[in-house]
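Next come two complexes, and both contain chain A; in the first it sits with chain B, in the second with chain C.
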Partner chain A sequence: MRAVQSQVPGRGPLPVVGEADLDGKFVVTVMELSGEDGLLGCIQCGTCTGSCQLSSWMDYTPRRIVDMVRKGLAREVLASRAIWYCASCYYCTVRCPRGIKLTEVLYALKSLALARGYAEPGAPAPAFYRTFFEVVGRYGRLYEPGLMIGVALRSGFGRLFRLAPLGLGMLRRGKMALLPERVRAVDEVRALMERVSRGLVRR
Partner chain B sequence: MSEVRIAVYVCHCGTNIADKVDVAGVREFARRLPGVEVARDYQYMCADPGQELLRSDIRERGINRVVVASCSPRMHEATFRQVLESAGLNGYLFEMANIREHCSWVTEESELATHKARALVAAAVKRVRFHAPLEERYVEVNQKALVVGGGIAGIEAALKIARAGKKVWLVERGPSIGGKMAGLDKTFPTLDCSACILTPKMVEAAQHPKITLLSYSEVEGVDGYVGNFQVTVRRKARYVREEDCTGCGTCYQKCPKKVPSEFDGGLSHRKAIYVPFPQAVPNVPVIDRSNCIRFQTGRCGACEKFCPRDAVDFEQEDEFLTLEVGAVIVATGYETFQPQEAPQWGWGRYENVLTARQLERLVNASGPTGGKVLLRRDGEFTDEVPKSVAVLHCIGSRDENYYPYCSRLCCMASLKLAHLIREKTGAQVYSFYIDIRSAGKGYEEFYTRVQAEGIQFIRGKGAEVLERDGQLYVHAEDTLLGAYREVPVDMVVLSTAVTPAPGAERVAQIFGIQRGQDGFFLESHPKLEPLKTATEGIYIVGCCQGPKDIPDSVAQGAGGAAEVLSLLTAGRVQISPVVAEIDAEACSGCKVCVPLCPYSAIKYDEERGACGVNEALCKGCGTCVASCPSGALSCRHFTDEQIYAQIEEVSSL
Partner chain C sequence: MRRYWYYPGCSGHASARDYQRSVALISPALGLDLVEVEDWNCCGTTAMTSVEPRLSVVLSARNLALAEEAGGRADLVVTCNSCYAILRRAQEQYARRREVRAEVDEALAGIGRRYSGTVRVRHLLEVLVRDVGLDALRERVRRPLSGLRLAPYYGCLLGRPRNDFEDPEEPLSMDRLLEATGATVVRFDRKSKCCGGALITTHEEAALELVREVLSEAAAREARAVVTACPMCQFNLDAYQAKVNAAFGTRLRLPVLYFSQVLGLSLGFGASELGLGQRFVPVGGVGKL
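Showing the complex of A and B:
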């Protein structure tokens, strides 16, 4: 567990949160972007963490992320590893006793982390999301080899070689095309994606 | 009609109204309305000085109509009517304009709120002009009472009424009274034995000369009104004659058919002819027809052959009784959440995952294991004692996927079970909680005691229970550590939510009780009238109104008895004069209104060739008035003239 980064002059080494470091508007931003307006009603029961297959890999538990968002620890949340480990299994959303759609909140946090430049350049998950967006923007649909090469260019080729047998298998079974296909109305898809991105930046 | 002289009072209600509505402006506006003699605004019209204003204006300025613009008539209409009466004016020459609930509380902008207040006041002023004096009527109150539900709340209510010398019928749906409390082992926070404190009350209820116990019976319908109810009760066939049976138990020893016991939560078996538990009152068995071999195949009949008193009677049929009572207490109790709806906690899948109610039976000396906490394997209890047990709080409670409210008693019940398990087995007990709610006398002290006994408290809701290699694990976040945990345990106890009783909807329909969003019965005021309902003379006590522990249920039972006794002792009850009336000359005798009346208050009179209204039954709902094709029906205090005047005015501003 990582301590919250902050110092208060004249205080000791425990993680003391400086009041000036808290971004009171952060929770509003996250609620608007995610469409989940119930964050303030979280009772911190930890059902999300207890149901999450990946919480043990995270630096902050999902429950703690919610509280950090509410309290305005924007930098710590956006720079955290936790938000990128969500595999979108939706168990937390299904089980949350307050009906909070936590998966949507984590998506919003990922978008904010990218938009505000918090994501580490070589980190695999941000690289994947970015490349996915670009590939779909270009072809109007997914093109797997393009996606994998793009991710490799961003986060290193080691991963690509490890996944090669899987890729070959998919090719053999006709699950993956060697050459990209473009959808007919690619312009419309692009316009849609641009509007989404603009909305994100404006917020 | 003599000259109409109207007084208008605009209430500030502290800041409740005055913060949004320009009360002085509304007052000035009212002053200029036709017929208005006096217009005032005042801080609190319902307080003594406010009432005095009204009285002195009536006396000194010859006022004969009054409008108060304040809160809802539900709140203070009766108050102001009494003020009018005390000043010698008929209480019905009064109209209330609701500028709080309907206006200041729900309007954002001050200007719009003031505009609406003006419209409501103008409408009330126009309407009150057409009001006529009406006389209150009184009816006699029948001196008997009915209590529905024989749990601890119902028993307490019945005993209190009976001890005051009034006749009580106590109707219980199941074969025995005792309710949920009969299934508990110890009770928090004092740990006295539940049966030891309950059984004497059950016996007293059955033997009290003023109480007639109708067990295995259900209320089928209610007619009448406060003071004079006619209640139809179905006495379900027991197939055992109560008057002949001595409760010797031969029948259920001889019965060959085993059925999972409802009372033990399916952890043991009963027979097809059975008493639900040894201390049952009455101690008379009942035959569960759907499981009886004799009823299903025509053979067997062992119980009948062996009964030394010839009390078994397969020919018995349901009987119907009509009871005449003055008041009714509904104490139909609750159910607990059945966690098979929620597979994540493993109940029904893993046999050592139990509900709290099942565990109550395990720790109880008369339960399926004789009071031992034992593990199960392949559907049978072993001799093995669990070395570790997890108690999961809030299963189904505080959860929007199931029941959003806090079930209130389960924190304490969970603490009690944690204590009993620890005491009986020495097991490591983990308590997975969100918040410990121990508000109650001696409750926090009990929590402290259980903490000191070494129970491991983990602040985090048990998210799921999974079995791996024959070992149960509770997955949860230890939120105070900020750590994910998978705790291996031998047994899991689910503290399940308190839910409305099955059939609550039907009970509500029969007695004219409203239900809240959560399905529990709705009291007529959440603070000041917790036992009354929307139907006068019908009271609710105990868990049918919402989750309650034993002390609260007992207190409510006694409170319900006090409500009934004050009604019965008064001897007569005031009936509203706001009822429908029929102009017999105009009535064509078409009888359209007769079947429409929800209170069966209208009868057709052959001789006169016209319909007539029974004023004691009529509630003034107006259904008949709207249906009458010849305009012969009208409702007092809601005449066409009055309503049109009000509508016209409210829509003209």
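Showing the complex of A and C:
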């Protein structure tokens, strides 16, 4: 089935998806993972979209994302660009008249997109999140040069060259730790990660 | 001296070492003894929370457990807004969601630790305004920053989603603290807007617009500097200012300082010992007051 084209470039209307391609359990999965069982109470007022500083960059607005989650459009939501534009600023959460913590819903959606393989490995946001995960798994703390290099390895060396002046600038100003700091009991951190991440991040 | 456990966060030991230096200087001068929690780990920040929403609760819980095990006053003081929000999220979910509590207890037991939920996560700004108090701060000012116009920038996570310290949209604590130093605090409507956070790395184009919005208002209100309470905000506004100018044809030149550095100047500490040299946009005259 072909979806209707939007007038706004890059901004899609509600996609038209056949019954067979809908995931009726999706909203339950999202509510369980996010702990936000109030999702069904959303009144589609659009306060989230109006408060979101990034919504103009999204292919689906936050309000529409909630609608799509409830309708079972799992694939369309998880493959959207919108979810990676969430900066976790919590404006939507603060302002939602129904008390829905949409930021928590977005954490859950990003996590599901990574776990189910919807996120392109080379796309900058998934590359960033995966690398962050690995760096903390190695040291127990963030190691900024490791993060920058890791993201570049995943998303192409062009990025490394673009980041280089910034890295050098940080170095000159004493804002870069050259060597990583490792938590002494890093095994504890790794054990926690393995226990809770349930292999969510594919290596 | 009031004793607190201190969680510097990853950036406190790396890109925000100047923040930590200034905190280490001003704290004893104000009667605060901040003791770093032994062997703390990354809180998980919003990045790990996006990979696995419960993982950052468990990682944060190890830090809370370490502070609790160490004994004494169960206040854990943080200086990064992201650490603050994520550690508080862990504290809140542990208290509110039974299944999260069970998962945390089990995971911690697996590494031989336990947490009983007694730690209070507090931002240093709160400790200064509430525990030390504005009157006491005013009394310690040796060099009033009279005539210095400052834009107080709080960012997203000091008051959001919600806590018992700040208003989610109209925070005031830093305004009051900066006024206590004798500085002039300008009206700043974008004080709690977003700097883009991690999007500066993943979606630079979009994040630069947000950075421009914040800096442009500060410039329009003739602030001499922007003051922050978060390493991520400081980094985005400072290190990316040249890129904003290149992308939008603006001529912004606003030093971006931490509130602890501004406070340090008013207490009589020198610009270099407060780490004011460690920024992309030079502090210029602001550091010579």
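Quick note on the criterion: the second predicted complex is superposed on the first by the 182 of 203 C-alpha atoms of A that agree within 3 Å, B and C clash if a C-alpha of one lies under 4 Å from a C-alpha of the other, contacts with A are read in each partner's own complex, and residues count from 1 in each chain.
The definition used in the following text is that a residue touches a chain if its C-beta (ideal position, glycine included) is under 8 Å from a C-beta of that chain, and two chains touch if they have at least 3 such contacts.
What you are looking at is a predicted structure, and each value in this text was computed from that prediction instead of being measured.
A.B. asks: Should the pairing of chain B and chain C on chain A count as a clash or a fit in the superposition?
C.D. replies: fit
A.B. asks: Using the superposed model, measure off the angle between the directions from the CA centre of chain A to chain B and to chain C, in steps of 10°.
C.D. replies: 70
A.B. asks: Looking at the overlay, what does A:140 touch: chain B (first), chain C (second), both, or neither?
C.D. replies: In the superposition, A:140 contacts chain C only.
A.B. asks: Taking the superposition on A as described, I'd like to know which of chain B and chain C A:101 touches: first, second, both or neither.
C.D. replies: In the superposed model, A:101 contacts chain C only, not chain B.
A.B. asks: A:46 in the overlay: touching chain B, chain C, both, or neither? Say first, second, both or neither.
C.D. replies: So A:46 only meets chain B here.
A.B. asks: Can you tell me whether chain B or chain C touches more residues on chain A?
C.D. replies: C
A.B. asks: Could you say whether A:197 touches chain B, chain C, both of them, or neither, answering first, second, both or neither?
C.D. replies: second
A.B. asks: Chain B to chain C: minimum CA distance in the overlay, Å?
C.D. replies: The answer for the closest chain B-chain C C-alpha pair is 7 Å.
A.B. asks: Considering each complex separately, which residues of chain A are in contact with chain B in the first and with chain C in the second?
C.D. replies: 94
A.B. asks: Given the complex with chain A, which residues does chain B contribute to the contact?
C.D. replies: On the chain B side, the touching residues are 344, 394, 398-401, 434-435, 459-464, 475-479, 482-484.
A.B. asks: Within the complex, which stretch of chain A touches chain B?
C.D. replies: Its residues touching chain B are 1, 43-52, 55-56, 60-61, 63-64, 94-99.
A.B. asks: What residues of chain C sit close enough to touch chain A in their complex?
C.D. replies: 10-11, 13-18, 39-42, 44-55, 58-59, 62, 85, 93, 97, 100, 103, 107-108, 110-111, 113, 156-157, 160-162, 168-169, 193-194, 196-199, 201-203, 206-207, 210, 239, 277-280
A.B. asks: Would you mind writing out the residues of chain A in touch with chain C in their complex?
C.D. replies: Going through chain A, the ones touching chain C are 33-35, 53-54, 57, 84-85, 87-91, 93-94, 101, 103-104, 106-108, 110-111, 114, 124-125, 128-130, 132-133, 136, 140-144, 151, 166, 169-170, 173-177, 181, 183-185, 187-189, 191-193, 195-198, 200-201.
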